[in-house]
Structures are given as C-alpha cells and as structure tokens.
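What follows is a group of structures, each given as structure tokens.
In the two assemblies presented below, subunit A is common to both, partnered first by subunit B and then by subunit C.
Now for the complex of A and B:
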C-alpha cells in the first residue's frame, strides 16, 4: 500500500504533464470559485469537453484538481465584498466581511487561504485513512440521523443570534418558512407558490444568501461612497505581514482547525447533506466552543477559519461514497462521477482493490491541488488589495451585476431578480436595525433537510426513530448544546 | 505605493509599444476571416431553410445530468446535419421539466426553438385540468433517443425476494419514490394497482438516495430505470424481479406478460410508452412540414453518425433512436384510448 502511495505521488510530481494539468485545473477552479454563482459543478461541466479522450488518471486528476479548490478562492469575494463566490463560502461572510471593514482584510485572507489549504489536506488524509471503513460509516446515517443533525444545526441559531435571542429566533424561523416555499416533498402540494412555476422548486439558497448578505452591503457601500473606511488608510490596504498574521491564526487555533476539518470531512462523507451544511455547522461549532462568543459576527478570525477548513475538507469525504458506491456525496460530485465514468473509471467497491494507483492519484491530487491553490493565491495576494483603489461608483454596479448573474445561474429563472430585490430590501432592513442575518441562512439550508428526513423517519419507524443508538448520541449532543447555552447566558446575566 | 506607480507606468509603456502592432494584426486577421466567410458563403448556401439560422435547443433541467448531456450531444450533431445552422443549448429548469416544456410549447412554430424534457409529463397531462399552455398530443415531435426500461428491484437486505412475496408478507412492502408528483411515484402507484401489490410508499428519495436506503435495509424495493440501477444490481445490493418495456428476448420477467386484466394491461402499456420514448426532442405545435421533415431527417442522421454513437457510448447513454412520426403516433395512441380507460388512469393518478 505504501509503495503504491509513494509511486503515485512520484508519478504526479515527476511528470511535467501531470503537474501542468494540475496547475491548469487549479487555475480554472480558482476562477470558477471566485466568480459568484459559478462554482465547482459548472466548472466540471465546462471542462468535460476538454478531458474527452484523455487517459483515466490524467483526466481524473485534472477534473478533481479543479473541483477541489473552488472554495479556496470562493471566500475572497465573501471577505472583500460580502458576496459568496460559492454557496458554502457564505458562512465566511459573517466574520470575514467585518474583518475587512475593520482593516483586517489581509489577516482574513491569510486565515482563509491557510485554513482552506489545511482543510483540503486533512480531507485527503481522511480519505486515505477511512478507505476500509467507508461502507459502515455511510450506511450508519439514516434519515433519523439526518433529522437530528439538522436539528443540532438549528439549535446553533441561539449562538448566532448575537445580543438578542428573540431577534435571532424570528429571523431563523423566517428562514425556515422561506425554506417551505415550493412543492411539498411529501404530498406534492404547492406551498406559497402563488401560481408561479419558478417557485415550485423552492427558493434557491444561493439566491437568498446573495440577497440577504450582498445586496445590503452594496447599498451600504454605495451610501458610504468608499470601500476603505473613513480615511484612505483603512479598509483594504494591507501588507503581506497581515496575510502571514492570518496564516498564523490558523495554527494558533489548531484545535478548532483540526476539529472543523474532521467535521467537514464527515459531513462530506454522508451523501445528501452538502457543503452548505458543512460550513454552517462548523461555523456554529466555532461560536459554540469559543470562550468569547460575543466577538463573532464582528470580525472574529475563528469565524473565518471554521467554515473554510470545512468546505475544503468535505471534498475528501465526498469522494469516498462517490468512488466506492458510485453514490455521489453532493451534486457537484454527481457531475464529477459522470465525468469519471466517461473517462472509463468504473466506481464501485472493487475500485479499492483493482485500481489502487488511481485511488492514490486522486488522494494526492486533493492534497497537492489544495497546497498549489494556496501558493497561487498567496502570490496574488498583494494585487487583490488594489481593488480598494477602485472608486465605489465603478465597483458597486459591477458587483451587483455579478451577484445578479450568480442568482440567475443558481436557478435559471429571470423571476429570481424580483426575488433578489425583495429579499435584498429585507436584508437591508435587517442590517440597518441590527438584526442577525446568519440564522436566516441556517433556516433556509437546514429546513428542507429537517422536514424531508423527519417525514421519512416517521414513515419508516414512527416516533421510535429517536431511540436508535446513533440517534440517542445525537440527541444527547443537542441537549448538552442547549444546556451549555443556558448555563452561559445565566453566568453572563449574574455579574451584570 | 511608489512601487505600484512604476509598475502601472511601465505597463502603460508596454501597451503603447505593442498596442499598434496588435491592433494591426487583429485588423488584418479579421478582414481575412471576413473575406473567407464571404467567399465560403455561397458554397454552403444550399437550399436549406436553416442556413444561417440559430436554433435554440431547450433542455428542461439544470446543466449536468442525463438530459443535459444528451441535449448537448444532439445539438452538436444536429448542427452538423443542418448545414449553416447554429444550435445553441439553453437550460430552462424548474417544476419537474414543466417550465422548459411550456417554454418550448409557447415558441414560434418556425422550427428554430426545439428541445427536450421528461416523458413523465404524460402523467401530468392525464391529470391536468388546463392544457392551454402544454398539450403533448399537439406538439411537433422530432424524435426520441433512447429506451429506458423500468425495473422493480428488491434490496438484498429485504425478506421480500419475489413478486409473490409482495402478496405473502403480513406487512405492506416499503417502497421508495421521489416526490408525489414525480414520474417515479406515479409509476410505483400504477404498478401496485396493476398487480394488486400491498405496498407502503415512502416519498422524498431523490437521485441515488433510494439505493442507499435499500442498502441500509430501510425500504424493501424501488422502481427505477434499468440503466440507473445497473451498478446497484451488479454490485450485489439487490435483485431485479420485474421489467417493464424490456427488449424482446430479455431474460427478465416482463410485466406485459404477467398483466391479466384490461386495467392492468392499459396501465403497463402506459408505463411501456414512457420507457420506449425516453429522451424526447420536440418543437411547438404547428411546425410546417417543410421545416419539420428536415429536422426529423437531421435528427435521425445525427443518431446514425458513428461519431455520436461513439460519444454516447463513452458517456454511458444507451441510444435507441426513432423518428418523430413514430413518437407522435405512440403518444396519440396512449391518449386516444377508450374514454373509460383514460378515466380510470386519471382516477388512479389523481387518487393519492
């Protein structure tokens, strides 16, 4: 096993052809990540014609290198403009954007890059270590566990509410209501669709996140007139020292980095949960486990580290069921799986024994591509700050067009523009009157999973589904989480 | 900051030095291209109504997936067999293919807007009250690309092993489907009715979730397309106990042979039509024959092209093409059944 592993690594490293493919894949991936609304799935679709006729290993390496780094660059617009490059990078906005506003853009970028890189490498490690156990782990998660994981995520609303739990709950419940728009997954009944076909599939989370986060930020920016804060010394100007500082932050919080990498990889491993869940659960975990949760939402570097490690490490996890069952862990992986089949790779349990060299090539690709992406972006970091010298008058329209494009690509319906304006106005009110916005995303991301898996669990087992062994473990985690929150607010209330 | 100033000024210098040259080269190359295009134009301008026209091929799903892949493949080869035309693919997803299908239906019948959607919309039409925005019997059918026979698979973990077991077990057999309005759900309901199966349907299983659920031993069985369930069965996770719309000589037990009553026969025939007419291509009602026929011819020529056949095989898309007139006939036949049969099907589909 070790021998194949080393020979695969050398096969990639010593071959100029493979390294060139990898670099090209990474560059394309970074581009698809940084452009709002594009993302890894469209990246694979775009690259499929180019891999036609390639040998299986180079073709797979090329596609995977592209797919595994989109979230590394996707965080950059999250931090600089408050617009997520990809869906899962939305969680990075909550603390990344305030950091940039405080003049810590460099530190936030450094943290996101290093966190992404480390997350990606740990994801690859996870993939190689868990290979023998993938079957039992994936099959251990039934709809009952999905439901409880979603409920656990929903309890994080408390931690994400900031000063007022009531405001957080209202916003979170509003997110849950928005998540019910569309056809009822069970009865097929249309809910809140008002005869509009485009609402049948529900409201696309990317659209909602762009509307709630990006539009208000652009309004605020246009009103203020300049990207950099009041004087031209603040805002985006940063030195490479700031970027290093951010990198070091990732190591200062090594416990968090490690934990969120593993949580991300496990969520990636379970088909059907997806990248948004990975990054938001890890963000929630960071707030929950912090000694000073009140700093979050105002520019805490841990709030950048947690989602960014998770959304890169989940790729390693998601590759496992894709390769071993031919059951993709996410929609992006589904497209990637199609491309793999086209290249002549036959996914299934036999892959582990018959094509060990391919499996190792993919593991190494994950690791090397992630490191390569970080190095490329670090080299570009000094230029990114130049965006600050652009006039707002030039920047705001450009970004608004990009985000609207992202919304259109997300759902492919022009009516989404109207939706963005409506939700954007609401987001602006949230911002103006200081209502927390992250609970909304928790609601819209986890609502459908909670609803669908609750319905399935009830149909399969009745209320007894809560007594399954793994369910009991998750239930106790939920109880402890809530108890900790209550204890903490009590403690805070006493001295005051 | 001084560093950046020198950089930008040196870049400007470079721009001046190269700018004039580049513009001249581009201009020269551009005029050559124009000249060549102009010279070639008469050569490709045969008596072809689609020459110089742009055809929009609507795919009623998001990018990625079988419909999109097949749509893009068809579009590329249609272009080849409609000389001088340009075929662009447009994804119009939403509402289980309904949005895209309605958009095709509403287009001008000039043959310049065609597209593909799920055959399962036939079930929608059987129960729909308003056919003003979409009526499959009126569409201009161009062709179909594949046969997707349906198979009933039982999980290796289930104690249900055969069709007889469906009647013998004391509890309802758990079957997974996607949403209640989906084709998979309708077909499962119809099959249960045709063979009087004692089942409990559990909804909400999208994509490969049903396979995972069978592997976990939660649900017993699933009705899906043979191609999508092939690797599941090959890996030993389940067994096929019934096929609908299989090829003649298929070794699997055929539903059509087992259907005894008229009711069962018409139900199985409806599902068979679905399986025979997979990956459809259609245009709006009323495309004149002088435009529809070239489209149908080009479609069939495309599917005879060795290039397309090789690509489809590589993509894992099995193809069994048929021209539009055959599709139209088959769809008319299914909707033209005796009123009491149609009413029965409608009741079955609505009564959920």
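Now for the complex of A and C:
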C-alpha cells in the first residue's frame, strides 16, 4: 500500500500535466467559493464539459481539486461582507464579520486561510489512515447489504438534509424510479423509453443533476442580483502583516485546530450531515472549550478557526463513503460522484482492490489542493476585498451555456435539453417549496446498484436476504434513523 | 395567477408516481419489480404529503404567485437558451443568446455584450478544434447543411 501511495504522489508531483490540472481546478474552485450563490456543486457542473474524454485519474483529480477548496475561499465574503459564500461558511460570519468590523479583517482572513488549509490536509490524512481498514469491510458486503446500504443512504440523507423526512424520502424514491428508465438489466425489456433511443441507456445522471440542482440555483442567482453594492467594496483595509498574524493564531490554538479537524472529518464520514453540521458543531465546540466564551460572537479568532478547519477536513471523510459504498457524504459529493461515473469511475468495493492508485491519487489531491489554495489566496490577499465589484449578471449566461454543454456531453443526445427543462422545473419547485434535493441525486446514482443488488439477493436468498445478520444491522440503523427523526420532530413541536 | 405552490408540488409528485406505477403494470414481472418496489411507496408517501399540504397550516398555505417577476425573466431566458441551442447549436446559438442576455437583461454595454459572445465562440471553437469535443450543431443548421 505504501508503494502505491508514494507512486501516486510522484505521479502527481512529477507530472506537469497533473500539476497544471490541479492548479486550474484549485483556481476555479476558489472563484466558485468566493462568489456567493455559486459553490462547489455549480463548480463541478461548470467543469464537466472540460473533463469530457479525459482519463479517469486526471479528470477526477481536476474535479476534486476544484471541489475541495470551495470552502477555503467561501469564508472570504463571510468575513468581508457578512455574506456566506456557501451554506457551511455561515458559521464563520458569527465571529469573522465582527473581527472585520473592529479592524481585524486581515487577521480573520489569515486565520481562515491557514485553518482551511490545515483542516484539508488533516482530512486527507484521516482518509489515508482509514484506508487499510475499509477495504476488508467493503469486501465483506454481499449484494443484500449493498441494496440495504442504498436504502440507508436515502433514509440518512432524507432525514438530515431538510426539515421533512417525508419530502426527503419522496424525492429519494423519485431519484430511484428515474434510474429505472431504460433497458432492464435482467430481462432487456425497455422501460419508460417510448421508442426514444436516447433513453435506452437510462436518463443520464449528469443531465438529471444539472436540471435538479444547477437550473434552480441559476434562477435564484439571477433573481438575487449582485453580491454587494459597489460602495461596500474594499470597505475594510488590512495589511499582509495582519494576515500573517491570523495565520499564527491557528498555530497558537493548535489543540482546537486539531480537534475540530478530526471532528469535521468524522462528520464527513456520515452521509447527509454535510458541511453545515460540521461547521456549526465545531463552532459550538470552540465556544464550550473556551475559557472565555463571552468573547464569541464579538470577534473571537477561535470562532473563525473552528468552522473553517471542519469545513475543509470533512471533505476527506466524505470521500470514503462516496468512493467505496457509492453513498455520497454530501450533496456536493453526490454531484462529484455523478461526474466520476461519467469519467468511467464506478464507485463500489472494486475500488478497494482494482483502483487503489486512483483512491490514493484522490487523497493526495485533497492534501495538495488545500495547500495550493492557501498559497494562492495568500498571494492574492491584498486584493480580496475587490470581489464585491464582480457582477453576477455576467456569470449567469455563461453558466447556463456550460450547463447545457454538460448535459449534451454527458450522453451525446440533444433530447437531453428537453429533459433539462422538465426536470429543471421540478427542481425549481423543490427549491422554492423546501423539498430537499440531495436525496434525488443519491437515488439516481445508487438506483442501478440497488436494482442489481436486489435482483442478485432475491436470486441467492429470496426474501430471506433481509434476515441475514448484517442486513438486520442495516435495517436496525434505518429504523433507528427514522425513530430519531420522529423523536426530534416531536421535541421541536412541544412548546418549551 | 396565484395558486398554492406547495400543493402544486405535492400534486406533481403524486401524478408522477401514478404515471410510473401504472406504466410498470404493463412490464413483464422481472422488469416491473423495481419500479413497483419504489413507485408504490413513493405514491403512498407523496399522497400523504399532499394531504399534509391541503390541511390548514395557520397561514403557511396561502395562495401566492408561483413565479415572481425576476424569476419569470430568467426562466424564460433559460427556455430561450435551450431552444436556441436546439435550433442553432453551441457555436452559433449559444453566443448569440449570451450576448443578447448580457445586453438586454444584465444591462451591460454593447461592447461588453459582444465581447461576451465572442468569448463564448472562442470557448466553443476551442473545445471543438483543440480538444476534439463534438458539439451539437443545431437542428436548423443540420437541416440547412
């Protein structure tokens, strides 16, 4: 394993092509993070046309490098304008913005950048330490467990990604049923195709994901307008000395940095929890473990360090269920997973035996991309406050065109554009009326695995596959997840 | 037009599941198994959600316009972009619509709008010529050629 790890690292470091791809990916990721409303999901969609036809490893490295650094720059608008770049960056506002208001914008930025970089590297380290244990566990799983894992993934994400479990389950089941469109893998009978050749291979997951996620986000982005008034741009002045001071703060609070990085990575492992939970939980930990909690909310640097380390370290944890079980750790990972499938990377237990080099390349990408992102942002630090003058109106049409391009390249059929309009309208209704969208992605990505595993399980054991020991464990987890959700909802409903 | 968007969304899900389940009854047993295994619970749950939405919620279920003004504009443009690309392809249709969007919706100057369209042409030609990625040429262009 050590040999594969070192050769993967050298394969990236000694290849100018790979380093160039990673630098480009990081630059795009930083841009998508810094612009509120864009984020990693749209970033992956934006890059899909450019990875089309690439070999799996370079393509995956390019996409992951982009996706893993989105939160590094996402904290910048949180600190400078009080507007989070992405959802999980909201926790950084609580202390980051007050720091900027009291003349410590540079210090907050420095702390953010260093904490993000260190969190990202620790997340990658966490993933690499788990590697020797995950392979044997994954290989012990039979088709019965893989079918139940798909059900568990949808239940987890449905319970955790929105306010309503019911809506989450409906959306997850809708993703699963959309995945049945096309030729039945067992009998060869065509389902829901109506003589349309482009539907024989099923609905392209990239097209479906673009429709459900990108189209509603673009509508929201265009309807909202610019990031900030021109007058706000550059409101906070700072020097590089302030930025370095913030970097040093991360090392002064090394215990907190280490703890929140590990908490973030562990949260990343659990499908559905995602960045919001990681950043807020770690912020809470910083407050609880502080000797002077009264400083929080008024500009405490620990309040910036904790959520930022967690935001980046969770990507390392989230990659594990995404790659080995095909269960994305977050909605961003779900879209990344769809793009990986387009590149020819099939998530599942085979990665543990046949494509260990790919997994190591991705682990190194996480670490190197985070370091690169910090270096790039430190070099750009004096000019970061000018981002507010960027006009979102300029970006929207480019993203629309590139999204359509992604749909076309995903399956090579123009009819996909019609699907985008139909599913995009549904995705927009989901967004507008608070239906969680991540379960849809899990459903459509896991659908083929679930169906194949179900048929194999029925052929091997009949309905008794549900009574296998590991199946019973997974069924218990599903029941407990639902029971906990109901208990939590009832607690909320009872007035204090 | 003011309607209750929450009810519309739930109703749409019920209808979609009904469609998938009814169609599945016409498949052979093996092909129908997964669609029914997923579709029937989906139908029951979405029906339950519809009932939840129809019940009074203390003001939350007010009728409201589903589409606001700015949303309507961008939705029309997304549809326009899609139809434009279907008709005239990525190299011609996309840049023209992009320039038009920048000028008419984003309120950019004509020079910036033209520059945006030009940049779009450059990206498309770069993908097609340098990366050898086959781009959709558009149904109208295909018919004319």
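Criterion: the second predicted complex is superposed on the first by the 280 of 496 C-alpha atoms of A that agree within 3 Å, B and C clash if a C-alpha of one lies under 4 Å from a C-alpha of the other, contacts with A are read in each partner's own complex, and residues count from 1 in each chain.
By definition in this document, contacts are C-beta pairs under 8 Å (C-beta built on N, C-alpha and C of every residue); 3 or more make two chains touch, one makes a residue touch a chain.
Everything numeric in this text was worked out from a predicted model, so none of it was measured.
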{"item": "Contacts of A:187 with subunit B and subunit C, given as first, second, both or neither", "value": "both"}
{"item": "Touching partner for A:342 - first (subunit B), second (subunit C), both, neither", "value": "first"}
{"item": "Which of subunit B and subunit C A:357 touches, first, second, both or neither", "value": "neither"}
{"item": "First, second, both or neither for A:174, with subunit B first and subunit C second", "value": "second"}
{"item": "Partner chain(s) touched by A:430 [first = subunit B, second = subunit C, both, neither]", "value": "second"}
{"item": "Residue contacts with subunit A in the superposition, subunit B compared against subunit C", "value": "C"}
{"item": "Partner chain(s) touched by A:394 [first = subunit B, second = subunit C, both, neither]", "value": "second"}
{"item": "Touching both subunit C and subunit B, counted on subunit A across the two superposed complexes", "value": "52, 184, 186-187, 412, 455"}
{"item": "Touching residues (chain side subunit A, partner subunit C) in the complex", "value": "49-50, 52-53, 164, 166-167, 169-170, 173-174, 176-177, 180, 184, 186-187, 189, 191-192, 215, 218-219, 222-223, 391, 393-394, 396-398, 400-401, 404-405, 408-409, 412, 414, 417-418, 420-421, 424, 426, 428-430, 432-433, 435, 450-451, 454-455"}
{"item": "In the complex, subunit C residues that touch subunit A", "value": "5-6, 8-9, 12-13, 16-17, 20, 23-24, 27-28, 30-31, 33-35, 37-39, 41-42, 45-46, 48-49, 52, 66, 68, 70-71, 73-75, 77-79, 81-82, 85-86, 90, 94, 97-98, 101-102, 105-108, 112, 116, 120, 127, 131-136, 139"}
{"item": "Subunit B residues within the subunit A interface of the complex", "value": "4, 62-65, 68-69, 91-96, 98-99, 102, 174, 179-182, 185, 200, 202-205, 207-209, 211-213, 215-216, 218-219, 231-232, 234-235, 311, 314-316, 352"}
{"item": "Of all residues in subunit A, those that touch subunit B in their complex", "value": "41-42, 44-45, 52, 138-139, 142-143, 183-188, 197-198, 200-201, 271-272, 325-328, 331, 334-335, 338, 341-342, 346-349, 386, 411-413, 452, 455-456, 459-460"}
